[in-house]
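Going by the order they are written in, the chains are A, B and C; count residues from 1 in each one.
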């Protein structure tokens, strides 16, 4: 066809193309499989290290004789503290986040520009690292005259995970067809009735996903509670007492010179990993189920 | 430069002569083509001969497998891994569906025109030059010449010659569709596969494309998928009516539309468009 | 009845407006809160001095943040160089080459990688990466190293950023219309040529944004990096030397914060610095994404 390119040249070109194609197919497959391998590596390692450290005492006893030097006891203080903080924070984040997401999707349904600007700001807020929230929570704490306590931890983590609740829930609400709003509007419902009775119901699986993700982020985050929740061997009873958390239990006890204490860190790591595994898989399962029912 | 142009025109002519020498009757021959997607039987035992330098219209209700048939012809079905294709499609004695065929070379024998124009994310000039470059042509003059020639062929040259290096986004949808046609012609195909090329266009742009097809069939075989009956009547030399993955009827449009044999075609002529 | 409905409508709308206002005011609040806390430092040293000086002697009120800013940049740079090619390749593999079923399998893998807490990565880094560097990698280059190095921080950070960047890249590549790929293929391009010339080119704005946001994420990551990076104040860039990123500075010294004068201001200033830098990167790249989305 094109006389300026000889047969051999063309054959060489084709060969080069085929080699290039093969090379990149292999490279990209290697990159992908290496991710799976890395994840498997991390999880297996954490399990091997922590599994023999795990026992009933570990889960159901608080440490004795100081978390850093005392070898006795377990990590119950951190488990309870972490649960208190992340459940409390998720509760507050829900109280703020869910109405905010509903507001964006129902009341602002006609103002596309405002909607997008708000989403833009919340997305940017999502990107702010937890250490900044920690520092902010700390200055807020001093401003309000509080000490490092359960309450301060809960508030800081709540601020951290509110953007997650809003945007995750909002992403699901976006997919609800506009006709539904109009139809219920036409039936004479007020906007808040539409929000809470119809839209919330439609987006319920998204709401659960948002809760799970927020909870997971809250329970795994260390930098935000470092300043605000403090650390203690005791199980907190009141909101103004300091509370231990799982990530910090790992962080502090891993550097201890005493092997039994380090065992506690590994045990805490296994517990935290299991919680995160369950949450991630549950969130994915739910969102998959949701899209399935949505399609049919 | 001038000499070079002369030479190339002569060269193009010899190609056209050669083309007519190779085969006289059909360019494309489909034998026992079956396509499955899971349990779904999309194309059922298709047998078809595509005559040369004619406009063949594939007609039928949406979802009848027209587009799939078209995509089988240049193996775009490869992208969708759920599709299982079996059978033979011969172009000049090469089986397209044979696993050992060089797919890019086969695809260059056919130009594709989609339902919507998809200009590649590069300048107008590079859009047309893309296929030529893929063939390994690096000579600037040659590429310039080809770009100009094919843009003229679709009547776009005068409209874009001052903004060849702009993004195709500045063009109207109709112009973009013609650009896509020029891009397809630049790889010197034998066949043009057009999948409802006017469905996204306004009536005037559609008219331009239809007129282009009339001119182009002197040099190319055009396989046109459409569900617009009138377009089929206006353009077709040969109509293939499909329904439910099967070829129901085929023949010249006069014969087919005046005396439809099957009930399905009758029904389609009444209800469809 | 009607009265009650109106009351509920009003109350819930107020609640919604209130919560969305809290969220939207939050970035401003964080900025102001940190600025107020950092303010004493500005009266003492100019902004230019703070950022450009490399003397760090808190006891003598010498606060030069250059070592920490550089430390952050070094670690982020390594993390980016390691993660960017892997992300790009596996995003291409997952969206272009692999089957849908493999994608379904890969989703939870990415989810879990993204969900694993920072400390878990830190533990992995301490157990695996640090000994690997001190025992194998450093001797290979003829260097003595403790293993707690900028390189270790970079590697751990790279693994943490991968799921984050990868998720965004997958979304970017999925928005490239199939018709465009078909057009390129039908012109005789091989599959890889199509990816190279069309898919990547079409996705360029999205790819740049994903990388930018990944850098922002790496820049603010605290715990995992802090656990493996060595935390030594210095400005040199050497792979096998320890470094001291900005977030680690904040997290490491919160205990002494109140015992040394001006120290708390200095730490709050570094939080402010981190906040401003990351918020800006986020705003810029997200704006980029929103603009390209609008034109789709």
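By definition in this document, contacts are C-beta pairs under 8 Å (C-beta built on N, C-alpha and C of every residue); 3 or more make two chains touch, one makes a residue touch a chain.
Please read all numbers here as calculations on a predicted model, not as lab measurements.
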If each protein chain is taken as a node and each touching pair as an edge, is the resulting graph a line, ring, star, complete or other? complete
Centroid-based (C-alpha) most distant chain relative to chain C: B
Can you work out the whole-Å distance between the CA centroids of chain A and chain C? 15
Chain A-chain B separation of Cα centroids, rounded to whole Å: 50
Please compute the C-alpha centroid of chain B, do the same for chain C, then give the distance between them in whole Å. 48
Residues of chain A that contact two or more other chains, please. 17
By the touch rule stated above, which residues of chain B touch at least two different other chains? 104, 135
Among all residues of chain C, which ones touch two or more of the remaining chains? 190, 193
Can you name the residues of chain B that touch chain A in the complex? 11, 15, 102, 104, 135-137, 139, 142, 188
Contact set on chain A toward chain B in their complex: 1-5, 9-10, 13-14, 17
Spell out the residues on chain C that touch chain A in their complex, using ranges where they run on. 5-6, 8-9, 12-13, 15-17, 19-20, 22-24, 26-27, 29-30, 33-34, 36-37, 85-86, 89-90, 92-94, 97-98, 106-124, 126-128, 159, 162, 166, 190-193, 195, 213, 216-217, 219-223, 227, 247, 250-251, 254, 267-268, 271, 274-275, 278-279, 281-283, 286-287, 290
Listed in rising order, the residues of chain B that touch chain C in the complex are 71, 74, 76, 79, 81-82, 104-105, 107-108, 110-112, 114-116, 118, 120-122, 130-131, 134-135, 180, 183-184, 187, 193
Interface with chain B, chain C side, in the complex: residues 99-100, 177-190, 193, 197-198, 201-202
